[in-house]
Amino acid sequence: MTTDALLDVRDARCVIPTPKGDIVALGGVDLPLAGGEVLGLVGESGSGKSTLAKFVIGAPPPGARTSGRTTVKGVDLAEQSPERARELRGRHIGTVFQDPMMALNPVVPIGRQISEAPRFLLGMSARERRDLAVELLTLVGIPEPERRLKHYPHQFSGGMRQRVTIAMALACSPDILIADEATTALDVTVQRQILDLLADLVEQRSLAMVLVSHDLSVIAGRTHTTAVMYAGRIVEYGPTARVFAAPRHPYTRALLEAIPRLDADERSRMVAIPRAPPDLAALDQGCSFAPRCALATDACRDAFPEPRGGDTHWARCIHTGEQAE
Amino acid sequence: MTAVAEVPAAPETERSRPSPRPHRGRLAYRLALGWIVLLAVLAATAGLIAPFDPTAPAGPARLAPFSDAGHLLGTDSIGRDVLSRLLYGIRISVAVGVGATLIAVTAGVLVGLLAAYYRGWVAAAVNVGTDTVLSFPPLLVLLALAAVLNPGVPALILSLGLLFTPPFARLTRSAALSQMELDYIAAARSLGAGAGRIIFFELLPNSIRPVISYSVVVVALVIVIEGSLSFLGVGIPPPAPSWGSMIASAKDHIALAPYLMAPPALMLVLTVLAFNTAGDHLRNRFSGSAQ
Amino acid sequence: GTSEGPPPGSGGEARIVLGVDAVRGLDPAHLFNLTPSGDANRMAAIYGLLFWVDSATGEVHPQLGKSLTSNEAGDEWLMTLREDVEFTDGTPLNAEAVKFNYDRIKDPDTASPLADMLDGATVSTDGEYRVKLSLDEPNLAFDTIIATSLAFIASPTAIRNDPDFANNPVGAGPFKLDEWIRDYRMTLVRNKDYFRTDRPYLDQVTYLTLRDPLQRSNMVATGQADAAVPGSELSFIDVAESDGMRVASAGTGGGVMLMLNTAQAPFDDLRARRAIQLAINTDDMASVIDPGSSAPSSLYGPDSRYYTEGTLTAGDREQAENLFDELAEEDGPVTFTVSVPSSGLFVRSAEYLQSRLGEFDGVRVEIEILDNASLDQKVFSERDFQLSVQIVHVSNPEPNLAKLLATDGQTNYMGYSNPEVDQALEDGRTATSDDERLRAYNTVEELVAEEVPVLPVRQQMPYTIHSPDLEGLVLQGDGSLLYDRLQVSR
Amino acid sequence: MTPFLTSLTRQLAHLVAVLLLVTMAGTALISLMPSEPAIAILGPTATDEQIAEFNAEHGYDQPLPVQYVQWLGGALTGDLGNSIHSGEPVVDTLLDRLPVTLQLTVLALLLSLAVAVPLAFAAASRENTVLDRVLSRTASGVLSIPIFVLGVLLVYVFAVTSGLFPVAGWAPMSAGLGENLRYVALPVLALALAEFPAFYRLLRSDVISTLNTDFIRTATVRGLPRWYIMLRHVLRPSSLPLITVAAVTFGRLLAGSVVVESLFGLPGLGNLALQSVPSQDIPMIQGIVVLVAITYVLINTAVDRSYSILDPRMRA
Amino acid sequence: MALLEVDNLAKQFKVAGGVVNAVRDVSFTVDEGQTLSLVGESGCGKSTTGRALLGIPDPDSGSIRLDGVDLTSAPPRDAAEARRKAQMIFQDARSSLNPRRRVKELVAEGLVISGVSREAARQRVDEVLRAVGLDPAQVADRRAAEFSGGQCQRIAIARAMVMRPSILVCDEPVASLDVSVQAQVVHLLEDMRREYGLALVFISHDLAVVRSISDRVAVMYLGRVVEIGEVGRIFSSPGHPYTRALLDSIPMPDPRQPSRGAALGGELPSPMNPPSGCAFRTRCPMARQRCADETPQLRTLGDGQQVACHFALEGPES
């Protein structure tokens, strides 16, 4: 494949050793991201979404064995020295994590936290950095930014903290924004504010964004492309509208059905996916969804299916195209 | 007097670290455990395997160097067999270490749990109590209690136990306080469980882990302190062969027979090292899997 | 030690390490820690001595005093003083001053531990420089008592005027107190008005204190100090000599003794005391408790007039066993506790006794280690003990041996009472001829060997370790130095 | 009342309660000891009348509570009585000894921190490498050597054989700083060696856990240089437990680096305690107890306050 | 008479730097077999209300009548007796299970405390474990720490059900679960309710789940109930501007669905110094002076729907 993509991840693998055996958190993931594209990454808890995000930003879980390559703006990071790779990532990729309280150093004033990366990556002077911090705080909608620079993270509400981390992520004017469950810890009303803010920023600054969430509803209205993860692999990939309208993987379908819907009939019965998610330490070579899949056949258990259905919308299921009815 | 109470930091501050390097320090831990087990066996069988009576002179040899005349580690200034004294010394050193720690753990855990459960004035009283003990010059406590109770192993165990109670109380309290926040305590309460039940069935088993790993370290600390006290001449009275008193008396002859100091000092260092290593390992293991 | 050495050097400082500080001050009426490693050395430097006793021979010599003579019977003593001695505050050291000091000791309000020494003595002046001492009971060895226990005279003016006199001592000795920082150091400077214009040689004496005896010797070895009194263990002598240090020593009598409390079971029974005596090989014990030392063969030192080789009985295990068996049959095993202070020599002695006597059937020995306060109380004051270990110096039978063995003796903690011994001591005191005295003190020695109220187990040898630079060390009394003779060659 | 005042009064009440209890327990403990101060002072030759007089003079014939209250009355006016040994005011003696112990303690603490902090950072940032293992094993090893063995070894190596430092003894600041430092060097080294492993181990594990927090990972991911992260982001959050332990250690050393003081003959509080307790110098013992307790409580209060400086979350 | 009657409940917490009014003046009733949901944003006092019902901890003021017994004023023995009829499933199921104890002990604990014999207890434990879909033979001897979130939720439900309560307080029972298992737990609760005629107090911030399970809904904001009523009424015609904003903020799992209404501005106020008057006024599109001066009381709009807003039902434009 060509690398006109802004970000290109190829065959990302990540194995985490634990006392109970090796966990295959990523089992070979490809992920291209074009400029200006908003990609949604969904999947159940433990499916490897965060691991993928961490892989991209170069911070795999401690002790993990990783392989695969990441190309940012045509530069293969694997060919760079570790320091250079870190700099490049810091320069081009901004990251927003789930829990802002965890991502902010509790004992450093937020002004400094926002402006320290430009000091080292862009060589900004103290004055410029201060102005930048004020500008960014204004941008993310924090009132009285000058006064707030000296405040510590605990002096902000949850939503404001998340805005601060977004300001931090934007400090070096990155091209890519990775938001890992950036709104899960927030309330619905605040969640909506933040998602709106992110959408505005993507538009204004023509950023590419990876929006990671376990909640399909969050992905639905906010992304161009959707990738569905299951047990460390992307099992379905395609334009968001098509994935929601005509899911090709039985897992995606099951997930969509399981979402409790506000617009459903009152007192309608919620739908569950039978049986428990797979144990990542004991995957066999077959389709990892097979044990929970109504369509599963012996063929599913032989080998993990290759993507089917074309470049723009594909699914890793040999039953792609078959209807569940 | 060396340390009383390097108070450990609040337990399990580390967030769940899913086992970074599960095999780390295994070998050292096994060696340490092996040493401790060996000590236990030697202590139990000292009477059988010690070649000589530890308090009786073994013939005319005095200050004999190593492996002289059947004395593998030589003889001390009184002419007693160093190896035999070393073996019997395990009993005393370990008895003091373990005994004092047991007292401290029992009292400290009980007090700590009460403070965590009742808070309010109970907690304030426990605070005052532990600070009182902690702010006492330890030497005074040891000397005074020894004078009151007649110096000896029981007095030493008791006073060291008392001195080490506060750190255990604090450790337990902070561990238990964080447990008190958890809903299983509320759940037990809503099922009608009373104070005793909650303290002993719910709090205790969940707060005990940092205490266990710390207590192993305290055993080592106490063994060293016993040595220091003998060194200052206020420890266990002779002829009981504690390692500390062996080192102290070897120091009197350091110019004539410097080798005399090696066996007890080495024994002490190895044992302390073993207990420390075991304590570290337990702490790592507990904080790795305590979720 | 050397007495008259090379041509007198002048100036310089001697740093001397002692074991304890003069915690309770330096009032001569309240002599407490009067050991060479404690206050005896400081007192000797500040007050000087009226008369002093040669540690080895027991002979009395004058220093600040001129002469000390008695009448034939020994109940009238005349002390003649020099006319040119002044205290550093200008007060003359005359008969008045001596009387004042002695009367102060006798005064019950002073509560002086030396009061016993002057029991039955009346002090009067006879002219400005003569003091008359009239004794109720004759004592021909009273000069020794004066030289050992009553040799320090302080300025009466200072005592009268300064309530804190103990901390600001004023004497007529070769040095005077300059600075005293407790537990750090005490600095003495040359007394320019010392009666001998050519002495002292040194400009300054500095005392340091260090508890640990080995460290004291280390300090001299590394040149940090010029002299040290390591303590009671003789084993440091060998170490010091092998490290190139010099040792000034004197073989005196007495030494480490087992004290058997004759007022309490089991040692109220002579057989038990004899059994102990027979059971112990003192040569062996000496070399164990203090490697390199040996057992004394007499109560008196090898250079003493009264010394007779081999008066103390040698051990005999078999007899001891028999005696123990006999006792055990009557009242069960001989059980007793050894009460000792917590320092190495004494603890080792106790351990030695326990381990050696433990080999006999029918003997059971416990050890009790006591801190100083408890030792004072239990052993010395209440005398509630069975066996203890003490060091007793006997450079001359008077006064120490008399204090130890006489029925009312001050240090007779054993509660020992034997009219024969009392008589012999009395005879020794009043004997007019040397032969008579020799006989009396030999009788005492024989009785001690027979009745065993005490059992000497290690010889005594006061000593001071010093660097080759320091010269003129003469040991007096229990082993402190004569300060007007010290000099450094640097 | 403002929250600040409330917490202050609570702390004060705590302080007072602790001090009262400590001094009471001190008085009781001393009185339980079987030997009598009178004999310790007057000597074994003292007569019964002399003892009675001594006891009356010092109030030791009164019932214990009365003795305590009288002592407390004095203590409140800053009069801790006179040592019954030296006759000097206890306060003076304590003030004489305190600087020695204080200097010893402070220097030892600084030295051990100066060694422990860089080593801990070096080991933590290379967790589980050879360097880390070697450092950690060394620390555990040193931790296992009792200080009295350590002290004797140091004396032999640095004083007796090489003559680099004095064997023992003390020189006050007034004797010149150089001289003072020469004397204090070995005791400080002994104490620092004994204490540094605890700091090292604690800080190492705290730095490791800080390094594992999300905010450090975020900082790393943002491309910040390693040294900057260590300095700005790791040091402060990792230092809280270290401060607690350092403070406790400080209090403990003040109360008695007895072994070191006695081995090196330093005129400090530890040595004073070692002399006073066995010789029954009651006012002095009580004085030491008060001094140590006050220091301990004050240090704890200071640590509490320092938390809020280091961790803005704790500022009310 | 209602099974549960709550009147003017209030609870404060002392925290560093001040006092949090976690619950203020909350009243509601729950009938037998009925489900009342408490919804609202994080920190609005849902859990505090739910827990106060069980006395962990007791409220500062207000009354709770369960089956006619006033739990806050009855003699402790009677109150304890009455309280057994109420059981709770905690927000975080895992932390509500003592990790060191075996499942059978956990579930039996309530019975043991109330003096049921060991044998009888074991039977009932097996029974109830089976009822929540766990195989007693497999799970009884394992410890809670070994189970997944969904399984822990089931064990917690079993522990509550074994006491045969007449009312069950469920604090966010599905919030920490994946969508794929959420339904399983919700189904289980509904089955239990049907089978035992259980009343539920269901706490959740997820309105979609609430809609599918409840009869009535109470919406809370900063410690107060701002709206309460039939589930259908609330969802179709919310009276309080906050309820409306809440409903509008919920994302729809449908890329084509346009966002409804305007997003709320402003941040959640700190519960330590809530705004004067109507707490919602700082974020309310229709706030006026009156909202700052006067705290609105619940008033009935009709059909049992009550709203605490001075301008309920008025559109933002008016």
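Think of it as A, B, C, D and E in the order they're written, each chain with its own count starting at 1.
As a working rule, contacts are C-beta pairs under 8 Å (C-beta built on N, C-alpha and C of every residue); 3 or more make two chains touch, one makes a residue touch a chain.
What you see is a predicted model, and the numbers here were worked out from it, not measured in a lab.
**Student:** If each hop has to land on a touching chain, what is the smallest number of hops from chain A to chain C?
**Tutor:** The distance in steps between these two chains is 2.
**Student:** With centres defined by CA atoms only, which chain is the most remote from chain A?
**Tutor:** Most remote chain from chain A, centroid-wise, comes out as C.
**Student:** If you average the CA atoms of chain C and of chain D, how many Å lie between those two points?
**Tutor:** From the centre of chain C to the centre of chain D is 40 Å.
**Student:** So what's the Cα centroid distance for chain D and chain E, whole Å?
**Tutor:** It comes to 53 Å between the two C-alpha centres.
**Student:** Please report how many Å separate the Cα centroid of chain A from that of chain E, as a whole number.
**Tutor:** Chain A and chain E have C-alpha centres separated by 32 Å.
**Student:** Residues touching two or more other chains, restricted to chain E: which are they?
**Tutor:** Touching at least two other chains: none.
**Student:** Listing for chain B: what residues touch at least two other chains?
**Tutor:** In chain B, the residues touching two or more other chains are 17, 20-21, 143, 147, 234, 251, 254.
**Student:** Would you please write down the residue numbers of chain A that are in contact with two or more other chains?
**Tutor:** 62
**Student:** Residues of chain B touching chain C in their complex?
**Tutor:** Of all residues in chain B, those touching chain C are 55-57, 62-63, 77-80, 143, 147, 151, 233-234, 237-239, 249, 251-256.
**Student:** Which bits of chain D are touching chain B when the two form their complex?
**Tutor:** For this pair, the touching residues of chain D are 14, 17-18, 21-22, 25-26, 29-30, 32-35, 127-128, 137, 140-141, 143-149, 152, 194, 198, 201-202, 205-206, 209, 212-213, 240-241, 244-245, 248-249, 251-252, 255-256, 258-259, 262, 270, 273-274, 277-278, 285, 288-289, 292-293, 296-297, 300.
**Student:** Flag every residue of chain C that touches chain B in the complex, lowest number first.
**Tutor:** The touching residues are 214, 233, 235-236, 238-239, 287-288, 291, 342-344, 347-348, 350-352, 354-356, 358-359, 367-369, 371, 374.
**Student:** Looking at the complex, which residues from chain A come into contact with chain D?
**Tutor:** Going by the criterion above, the answer is residues 57-59, 62, 86-91, 93, 95, 97, 99, 102-108, 112, 116-117, 120-121, 152, 154-155, 165, 168, 171-172.
**Student:** Using the touch definition from the top, list the residues of chain A that touch chain E in their complex.
**Tutor:** Result: residues 44-45, 157-160, 187-193, 195-196, 214-218, 220-221, 240-241, 244-245, 254-256, 258-264, 266-273, 276-277 of chain A touch chain E.
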